[in-house]
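What follows is a set of notes on a single structure, which appears directly below.
To keep things simple, chains are lettered A, B and C as they appear, and every chain counts its residues starting from 1.
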Amino acid sequence: MFTETKIVRRKKRNERVAQAVFGLMTLAMIIPLLLIIGYLVVQAFPLLSWDFLVTNPASGMRKGGIWSALLGTIYLVGISLLISAPIGVLAAVYLNEYTSDNWYTRIINLGVVNLAGVPSIVHALFGLGAFVLFAGMGRSIIAASLTLAIMTLPVIIASTKESLASVPMAFREACWNVGATRWQTIRHIVLPNSISGILTGVILQVSRTAGETAPIMFTGAVFFKKIQEGNLFAYGLKDQRMALSMHLYTVTTQVTDAPKALPYAIAVVLLATVLLVNALSIILRVYLRSRKKW
Amino acid sequence: MAADNQIEVRDLRLSYGPKEVIHGISFDVHRHEILAIIGPAQAGKTSLLRCINRTIDFTPGAKVTGTIAVDGEDVQKTKNVYALRRKIGMVAPLPVGLPLTIYDNVAFAPRSAGVRAKRDLDVLVERCLRQAALWDEVKDRLDTLGTKLSGGQQQRLTIARALSHEPEILCLDEFSIAIDPVTTMRIEDVLKELKQQITIILVTNLVQQARRLAGRTMFLFKGDLIEVDRTEVIFSDKPGNPMTRDYVSGTFG
Amino acid sequence: MASPRLSVELRQRWQRLSEPVIEWTIRLCGISAIVFVFGIFFFVFREGAGFLFKELDLKQFLFSTEWYPTSQSNVRYGVLALIVGTFSVTVLAMLIAVPFGLGAAIYVSEFCGNRTRETLKIVIEMLAAIPSVVWGFIGLSVMNPVIQNVFHAPVGLNVMNGAILLALMSVPIMVSIGEDSLKAVPDSYREAALALGATRWQLVYRVLVPAAKNGLLAAVLLGVGRAVGETMAVLMATGHAVNIPHSVFDPVRTLTATIAAELGEASVGSDHYQVLFIIGILLFSMTFVVNLAADLIVKGVRKQ
């Protein structure tokens, strides 16, 4: 009675075809990418070493390492994080804890989404007009960090908000019932239990900041600046500085007869940094999910 | 205010946006009594409790008119709403263990109110857990997470939390719907003991529970106060309102 | 030593005083996103406003293909070629990215096992994390020779190169939002279809895609927004020719790349400088509209 009819067989075949097609489409994006990355690593191989990371570039970038650029990137990431993390977390707290769904919050959400969609070069223009010129900071680390901080703010807001929303309402009501204020509830129950989402957002912000080029091109990144090797505090807030992403761009487009492996090596370092940071966030997410408290 | 009224409600109306859910009710709660509030779902029982301790404030669009006077003070006009909420203990239908240790669960309210001395907190935590009939089961593991307890234990933990800020009034909102009958019985014993020190308002959908515990019972139906009287009268053949007898006997609801 | 009662009183009073201050700080942070969006518009506008109102010939600006900002004798600011540049790269990128992106979204959401799904999602997340300058580098060093060899094109830095890069960059957004939209289709639809004997494929194209079409459309729009606004990758990979392309193998210049390439040379406050800012305003408006549209569509989805 349940033998396969012709129609059923056709349906099953269509099903398998569809599955194969979609699966192939997915693979079609991933495999070339893996091949490309492999190619990059292979090309970069001759230059990759610890020395490469900690020595300064020399003779017009043709020799030496990338220390100053690396340090510059670290500074940028750190300072912009210090600025955007508190504002982003508190903004998400406001949106999730202090307001309800009405036209006001919709406008704010629209603002967040639009801030996220602004082209990076427009952020650069903004940074130039607002921080470098209007606020008189000149091209400096602080101007570039502020620009980057504003650019990555939506990332922190979005992931924090999601995390806050996953804390059950019942917890908050239980706190209010015993006379705790909104802020006490947030501080003692809601925020501590949203750490995973906040950290995820922070890590994502770090990875984006490390990779961005356009916003810092005109607000404080330079092609070359000599700093002490191995000194972690070589940059002051008002200095201009190099950054990995900018370095990759300029070496690729403006330096002639650099050793062939050099731009590949910079790309690989940058890529590895970004991917490692992302991997960290994924691991963290999985770990925290397994330690859930409820 | 009459001397033995702890709470006086006059002409209370509550609307969520355009929809009115409590239509001008008035009643008293006597000191140190157990007042049961019975009625089918959507009667406004939970909303009523939330008006009394002002957690209705957290619902956007909720509008309250009329007066609720607790010890002579209108709760709508109180200067310190947190002190008001500490005067009133609230137990919700679903057991809630906060994601803190058991000790911290019970210490949360006093700490929020400013009590920091460890000795005071230790004494308080033990006393409240004993009063809630939970001490013996958890005294050796006060540092386990509150969320890991069973439903019945979490509900008793909630009661301990409610007692930790030394309330004068205790409100319980259908506390037994998510716990087993044995724990329910234990909590009912707890309530009978507490009655000597605090006033208890017991919202329940188990009419027999009202009969067992309450001195007076109030019947609320779709936002209207149908009848409030001594429990024997409510459950008798001739209550003030025939609808009461129908509900109590299970004819509807 | 103050009595315990007194210190409790003091703490309560401190708490009552500090709570509103804390609340106001939080409120301020809450509106920061909007403030910054307005700020961005304001400051970009400010730098370009002078030229915009005084001398800019709007018709020539928008409709002429002659972009000679540094000419000594005859300065012209026509951005049509640049607009077409942005447009052509974006359209081609979407033609590639949409089928692949939505296909992948369907695969991840409906057709693969749980473990594959987790792995794929991680891979796609990594794809999304690759910085645009690295993509640009890939375009220059890898895609360039590949395109020249495979397609026998004279130049490897062109519309095709940029489009492939943009496609790869937009796919992660489309997959993630597309997958969310498919997941948001109520289970009752699925159950009904399966109860009628539909295969997964029939379920997808007869039921899920039509039901999720708003979310899928929004996903595409967001991909478009990303592509239009992308700077570094197109700067490095599309070549530097300011003209209207006649084939996908012609080099072009996009709006974004123009700003990036020329801002360094324009002196602050000069006409050229201001015009670049005006292009910035143009870009901002374009992405604003696209994002607004996507957001409205998504809100429509959630109301269901």
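Just so it is clear, a contact is a pair of C-beta atoms (placed from the backbone, for glycine too) under 8 Å apart; a residue touches a chain by one contact, two chains touch by 3 or more.
Only a predicted model underlies this, so the values are computations on that prediction, with no experimental measurement involved.
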Two chains sharing the most C-beta contacts: A-C
Farthest-lying chain, centroid of Cα atoms versus that of chain C: B
Centre-of-Cα separation between chain B and chain A, whole angstrom: 49
Euclidean distance of C-alpha centroids - chain B vs chain C, Å: 53
CA centroid of chain A to CA centroid of chain C, Å: 15
Where chain C touches two or more other chains at once, by residue number: 15
Set of chain B residues in contact with two or more other chains: 113
Residues of chain A engaged with two or more neighbouring chains: 181, 184
Residue ranges of chain A touching chain C (in the complex, touch as defined): 11-12, 14-15, 17-19, 21-23, 25-26, 28-30, 33, 36, 39-40, 43, 86-88, 90-91, 93-95, 98-99, 106-126, 128-130, 133-134, 150, 153-154, 157, 181-184, 207-208, 210-214, 217-218, 245, 248-249, 252-253, 263-264, 267, 270-271, 274-275, 277-279, 282
Contact footprint of chain B on chain C as seen in their complex: 4, 7-12, 15-16
Chain B residues touching chain C - in the complex, by the definition given at the top: 80, 113-117, 120
Interfacial residue positions of chain C with respect to chain A in the complex: 15, 19, 22-23, 25-27, 29-34, 36-37, 39-40, 43-44, 46-47, 99-100, 103-104, 106-108, 111-112, 120, 122-123, 125-127, 129-134, 136-138, 140-142, 168, 171, 199-202, 204, 222, 225-226, 228-232, 236, 256, 259-260, 263-264, 268, 276-277, 280, 283-284, 287-288, 290-292, 295, 299
Chain A-facing residues of chain B, complex: 53, 55, 58, 60, 82-86, 89-90, 92, 94, 96, 98-100, 108-109, 112-113, 145, 147, 158, 161-162, 164-165
